[in-house]
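I'd like to ask you about the structure that follows.
Going in written order, the chains are labelled A, B, C, D, E, F and G, and every chain counts its residues from 1.
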Amino acid sequence: MESAVWIILLPLLTAFFLGIFKLYSDKLFYSLVIVSMVIYLYLLILVINDSYPPKVYSIGNWGLLGINLMVDSFSAMFLLIIAILFITVIIFSLNYIKVNKHKFIILTYVMIAGIAGMVLTADLFNLYVFLEVSSMSSYALTAIKKTDKSIESSFKYLIMSTFGSFFILLATILTYYLTGTLNMAEISLEFKSVPFMIKSTIMFFFIFGYGIKIGLVPLHAWMPDSYEASPIPYNVLSSGLVMKSAIYALIRLLYVIFGVEFLTESGILNIGVFWGVLTFIIAHTLAYQQSNLNRLLGYSSIAQIGYITIGLFLGNEKGLIGGSFHILNHGIMKGTLFLVLGIFYYSLKADEIEDIQGLGYKFPVLSFTFVVAALAIVGLPPFNGFISKWLIIEAAIEAGFFYAAFFILVGTFLSLTYYLKVIIKLYTKTEKKTLIEKPDLSLKLPTFFLGSLCILFGIVPSLPLSLINNIPKFLLNNSEYIRILLGG
Amino acid sequence: MLYLILAIILSIIITFYRLIKGPSVPDRLAAMNSIGVMFLMILVLLSYYFERKIYINVALVYGVSIFMNVLIMVKYLQKPEKGGSSD
Amino acid sequence: MITPGFLYLAGALFLFLAINNKIKYIISFLITTGALIITFYLTPGYSLEINFLNYTLIPFRVDDISKLTGLIFTLSGLAAVFYSINISSRSNLQLIFLFIGSSLTVVFTGDLFILYIFWELMEISSSFLIITVSDLTKKTGYYFFLMQAVGGLSLLWGVFLNHSATGSLSLNAIEAGIPFFMIAVGIKLAFIGLHTWMPQTYSKVPFYVTVVLSIYTTKVGVYVMYRLLSGINILAYAGLISALFGIVMALRQNQVRKLLSYSIITQVGYMIIGISIGSAAGITGAFFHLINHILYKTVLFMVAGVVIYTTGKENLEDLGILGSKLPITSLATLVAFMAISGVPFFNGYMSKTIIKEALQEPVLIWGLNLMSFGTSLMFLKFIYYAFFQNSNINLNRKPTISMQLGLGFLTIIMLLIGINPFLLENLTNIDVDINYFDIKLMLSGIQPFLWSVIVFILLKKYLVKEYRRFIYYDIYREMAKIFVKIGYKLSIYHNGKLSKYLLWATTTLIILLSLLI
Amino acid sequence: MSRVHKIFRKFYKIGLVLFLAIFLLFIFDEIQNLDIKRYLSEHYISEGVQETGAINLVTSVLYDYRGFDTLGEATVILTAAATLSFMTPIKKVKMLGTEFTIIIYQTIIIIIPFLVVLGMNLIFFGHISPGGGFVGGVILAMIPILVTINYGITFSENKLKPNHKSLLEGIGAIGFILLGLLGIFAGSNFLASGQANFGLGNPGELISAGLIPYLNLMIGIKVGAGLAAIFNSLIKEG
Amino acid sequence: MKKKLLTFILTLALWLVFAGHINFSVFLLGTLVTIICSIISRMFAAEVFRLLLMNYEVKVSFVKIYYIFLVVGAFIYDAFLSAVRVSKHVFEINPSFSPKTVQIKTSLQNLPSIMILSNLIALTPGTLIMDFNILNKNYFIHWIDVRSEDEAALKKALIGKHEKWIAKIFE
Amino acid sequence: MELPYVVVIILFYLGIYTIIMNKNLIKIVVGVNIVESSLILLLILISFKLGGTAPILDRKYELVVDPIPQALALTAIVIGGSLIAVMLALVIKIYKRYGTLNVDEIRKLRG
Amino acid sequence: MINSISILREIIAYVFLITGTYFLISNAIGMIRFPDFYLRLHASSKCLIAGSISVLMGCIVLEGISYISLKLIIIIIFLLITNPVAIHAIAHFAYNYSIKPQKIVKNDIKQ
């Protein structure tokens, strides 16, 4: 399981080397980007393939004394998203980004390392550290355009996110204080003797802290701003990886450390489901109001996180499968949308709804891709978003959350209202617009790749589901996870 | 030894008054400097009190940091422009 | 066994290869006729199972009713495709193929999952057809899509409810979620109150799209209603009310296609009644009526299309052109009129009779008579404008041959069925024990028609009148306005003030923590 | 109306924070009545010196038991430095701040060698005395910072170019990882030192504790260069 | 060469003091560090070596060492003296001051010596340097209790003594 | 309850209060710093043992404080410091672009 | 004999320490009592330096001849070099900050 640690080290090493190469040679820089990307893809596939049964990698060979990495199906699923999105975004950015390109790529690599660290680590404080690594690079990537708006949004993001981090750190410290360890498995065992009230408080601190980074509704306000102001390839990563890594970490903590029995007992599952519903209803309503497409897609991301939250907070097998699958799918769908929008912006500086009028005829295939992804994200068949929503709804009904299931359908309708608005704008004829720059293959290829995944995973969902189906085994039954992590 | 330390702590507390009250920025700076050095003394005395001489290394680094603090603050604190608040 | 639906869907893909018109024709011909032939040779009782997401799904299952529906669908698909093949752009033709293919798949599916998926695909393809077909139909398409989406989603909700109650996705085990199935079907059927999408859509989109849409949309609704909701007697009255409403509305229209749209509502009323009474005869009648209705309504929409195509206008007054200048079209119009009015020896008569015979309750029987009467009345208005009102409009261009072919083809089939009503029975092995040419039946069938002629002559000045101001209240638009208003309010609260956002965050934290106490 | 609103808002905020504080107070109070478990730290304290070879246990936690965290935080500094460097303009730098007198200049010059030796000492003796890469790096970073506030940013960046700083940072970070990889090459895991039989030596001696001193050095270089870069970027705005 | 050697020895000594013990590895590392140190110091502060300018005879340098001790002694002496004075003021019930700003011109040329002198002035009872004008070498001194011109002259003379010692060392 | 913990809470409280009450960007950053300090203080506190000595074992000691929180504190300090640096850089930028330090006046992004 | 020397040493050391502490306290009180900034700075410079040197010398005497003493001496030298400069820097800053020295006569303090 050597490759697990390489998942974190390779992007880090690449970023550091890129930081040096950038000073001397562009040629070297880009060749390293490409080479490392290919190797990384290979590594990811290697690790994903070998994720069942879960593997533990002990940093420094310290066993339980040190930091451990653990690859189970949940993390493998996330690595799959990284594989899909990271590769596409890097290829896309090579031509797309004009300002601070080197920095963009370096910071993206750092961010990937941070996210990979969050995904793989089985240590509470290490999780915090990697959370900060990824957040830090996110702030930077948000500000990278250096416009007034991007500086402003980055500052808001920074303050809000730091506000959340306080509580994550506080909860981490308290956890250490109460259990004397930072290993998630040991914490989980030690936590059994911690009084209910204190345990719930710690849990709420975690939920609040990660909730800000996830963007659950009253905590979401910084997020659309950051979407509007940051470069579009980063938006792909932001919606696909940054938000998701936060919810991943939260779910990992909740199910592994606290255990599903405690979650049920404390009523957090009800709260989570309700919160998810609130999130997507409000986010959809707000998305309808947007004229800026980045913002619209941002609100849509918040809404989708609502669905994911519902799925993951249902506390049953299907919910976890559906939620996880939706994490994957949303990454792909939103990625497609953003990349198409990116090409529009690249070639026409179009990112308002008004600007894209008539582009359906100018870029027929791209627009078709957009439509496919939009329908997928709305949750219409036969695309991937439908499958995961189906699973979530079914799980919600199984868990007795009829209202949540019903509101997901309401949300589907609401999301249709604004995506359809955009699509119609796309296909409304207008006077000829002149291209500023012609998009080349390196922009289109990643876009089409993601778009085709929307269809592929919709028609053959068993491809990713064969991986995802194993997820509940180690989340719902945390003793299994603990046993493996403890090396038993 | 303990009483000496307590006495210095007392004087730190007294100086804190100046740090908080001001009234001017240089006043606060001077108070800060004083507190820093007094704290340095506490560190040195503590190393004798606890009989851990390694704390003196800490005092050394701390001494550097006091000086740096003062210099950087003096360098970059400026007289507030009109309408701004003084701190 | 290849399903006709998938053949069409494949056709939609193959059309990407159509670089010129010739290939387009060849592909379309092969697909449409191929689908017809395949459907014709389907053996009832066949079913195909696949595994998907831990469910056993039945994407393809044939029984008598589905074969019958499939036949009429493929047949009119052939006609509709050829009617529109010259006018439609390639991408629109693809959407039409997708639409027809999904409808056919819905007809042949054996489980709720596939049913829902292709129901949605129908919705998507038809909406995109409407949206992309013209610059004037964007808003219509938006409205249409949203309306249909509500239907689709309530179908989905019904599916979930049923699935959670029965644990099965089979079409045969419907226990829960009936109200939501009703909404779904109701929207597709343009049931009163849920009908708002239909008149505006059918009247705004290009005529060939109307033709295509009118064939499948409501009929799939009827078919699904049969699958999910058959035998709920109370619905028969609902159908009756809806139909009467359709008549009243139709009589108030000045536009050809709006009139035809409302008449669909009425005609669907027959089918609802037939299905709702749940007896074999009623269902048979409903489906025969479905076939007949598709035939004549398609013809009528094609006629309207020809008028629009040749004159560029579509008010009732412009129909005057039919009388002399377009002989084939005029003939088709007359046949369709006779059929829809239920005149014996025309196909409409046959299915109406079956339904009427299946009915037990006098209210319904009288209602049915009233419906026939109203239908005749509204089409008398149509005929009046077409043949008795002189018009000085000239043809801008001649109708295309393919249009005439499609029109003629359906008219001939209509005539065939009308003259030999047993044709349908023989085709599908459904036995209806009715002698259509019994004098008593024929008399009772023609009575409403005759009455309507009399009433029309008497009340001509009220009926043939231009209704300029039209009170139009759409509750859905009002709801949308509220939604937008709420969104605007919410949006205002996001005023970019970081301190406010921080306050929200802290409040959330406190709320969370106070849940602990 | 708006004034009432404002007052209400203020009290609302105060109430929120007060609630939070009181809540925390109760939680902390309750926590203190619980038994504290410290198996892990007891193990570190009793076995840490033998296991890692470093008598400074904080260092052994930072660079051996939890070396991965340290890699993460090194990355954070690097990211911050990179962020700041692209946010500040490259051209047109105006130096802010009050001018120093020659007296201060002279003092700064005199203490620079002192700082170098102190910083290096802290780095190299990090495993046997208080200190370590971070503190040493900070002390080293003070040199370019002092030069900057003394002679101005142009002079400072002429002496130690921003590129060189990022090169140093990169070298430090890469060095850290490469040292960690030695563990893998030696047949153990990433960042293994004692576990991979890199001689732990006699605890308390300069050359002991396996990889820890070298990791310390790398972090020292990285932190030093990173902090210097961060400082320069922060004051660059004219 | 001599001055390099001296720097080397001084920094190495500093290193060894910091190290807290001496053995071969510490010494070796110290040598290395000292070299790095001199590189860094030269890079940023070339002037530091002028402070240790040693192109005199050995005898002369002994004299210098004597003056160095003298200056350091004066340093500490002055510090204590002034501290006593100030603390007396602190505990007075009605402390009396008559502050005044005075300019003193120095004859020192060397920058390090100016600095040392200023440090001395800072520790001289009742004085505080507010500014230094590099052009005409004027110290602006805040004087705590100058009641008469005579007193001022006396104190100036005191500073003059320090100035002479410092000049002995550096100039 | 022990006093230091009260101090932690008070600091935490003060920091949060500063962040949500103040309109001045710099003060918000200061608030962030205060909260961070409180958390670091908490870390140091939980490592504390009465009579314990620093975990630098140049010889055997009876009671040694917990080294882990100290290491964590160091990490937290570095992370916090980097965050503050970035924050300050952004504040400087904002001040230059928007000409104000009032947090409510920097809002081109809304809705 | 040895005992008396060590007692003597301790006495000397404590004299130094107590003197130093006295200076530090008087520094603190001076910081509060003196009416003018520059006067306060006088207290802060002289008493602070003398106090700290005194304390450190006390420690040196207590320690005897060892590396620790050398380190303490280095701290003394460092403080002697840097602290007057720091005070000067603050004074210079205040001067630039346009804080003018007050002319104070006896009467001013009474009130």
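Convention: a contact is a pair of C-beta atoms (placed from the backbone, for glycine too) under 8 Å apart; a residue touches a chain by one contact, two chains touch by 3 or more.
Computed from a predicted structure; not experimentally measured.
Counting hops only between chains that touch, subunit C reaches subunit G in a minimum of 2.
When the interfaces D-G and C-F are ranked by C-beta pairs in contact, the top one is C-F. Centrality by C-alpha centroid: the chain sitting nearest the overall protein C-alpha mean is A.
Averaged Cα coordinates give subunit A a centre that lies 28 Å from the centre of subunit F. Centre to centre, using the average C-alpha position, subunit D and subunit F are separated by 15 Å. Work out the mean CA point of subunit A and of subunit B, and you get 46 Å between them. A straight line joining the Cα centres of subunit B and subunit D is 22 Å long.
In subunit F, the positions touching at least two other chains are 12, 16, 19-20, 28, 54, 56, 58, 68, 72, 75, 79, 82-83, 86, 90, 93, 106-109, 111.
Taken residue by residue, subunit G touches two or more other chains at 27, 29, 41, 51, 68, 71, 74, 78, 81-82, 85, 87-89, 91-94, 96, whereas all remaining positions touch fewer. Contact of a single residue of subunit A with at least two other chains is seen at positions 125, 129, 132, 136, 139-140, 143, 146, 151, 155-156, 159, 163, 177, 182, 197, 201, 224-225, 289.
Those residues of subunit D that touch subunit C in the complex are listed here as 13, 16-17, 19-20, 23.
Across the complex, subunit C is touched by residues 155-156, 159-160, 163-164, 167, 197, 200-201, 204, 207-208, 211-212, 218-219, 221-222, 224-225, 267, 271, 282, 285-286, 288-289, 360, 364, 371, 375, 380-382, 386-387, 390-391, 393-394, 397-398, 405-406, 409-410, 412-414, 416-417, 420-421, 423-424, 427-429, 461-462, 465 of subunit A. Looking at the complex, you find that subunit F touches subunit D at residues 1-2, 5-6, 8-10, 12-13, 16-17, 20-21, 47, 54-58, 64, 66-68, 70-72, 74-75, 78-79, 82-83, 85-86, 88-90, 92-93, 96.
Contacts from subunit B toward subunit G in the complex involve residues 1, 4, 7-8, 10-12, 14-15, 17-18, 24-27, 29-31, 33-34, 37-38, 40-41, 44-45, 48, 53, 56-57, 59-60, 63-64, 66-67, 70-71, 74, 77, 79. Put simply, subunit B touches subunit D in their complex at residues 54-55, 57-58, 60-61, 64, 67-68, 71-72, 74-76, 78.
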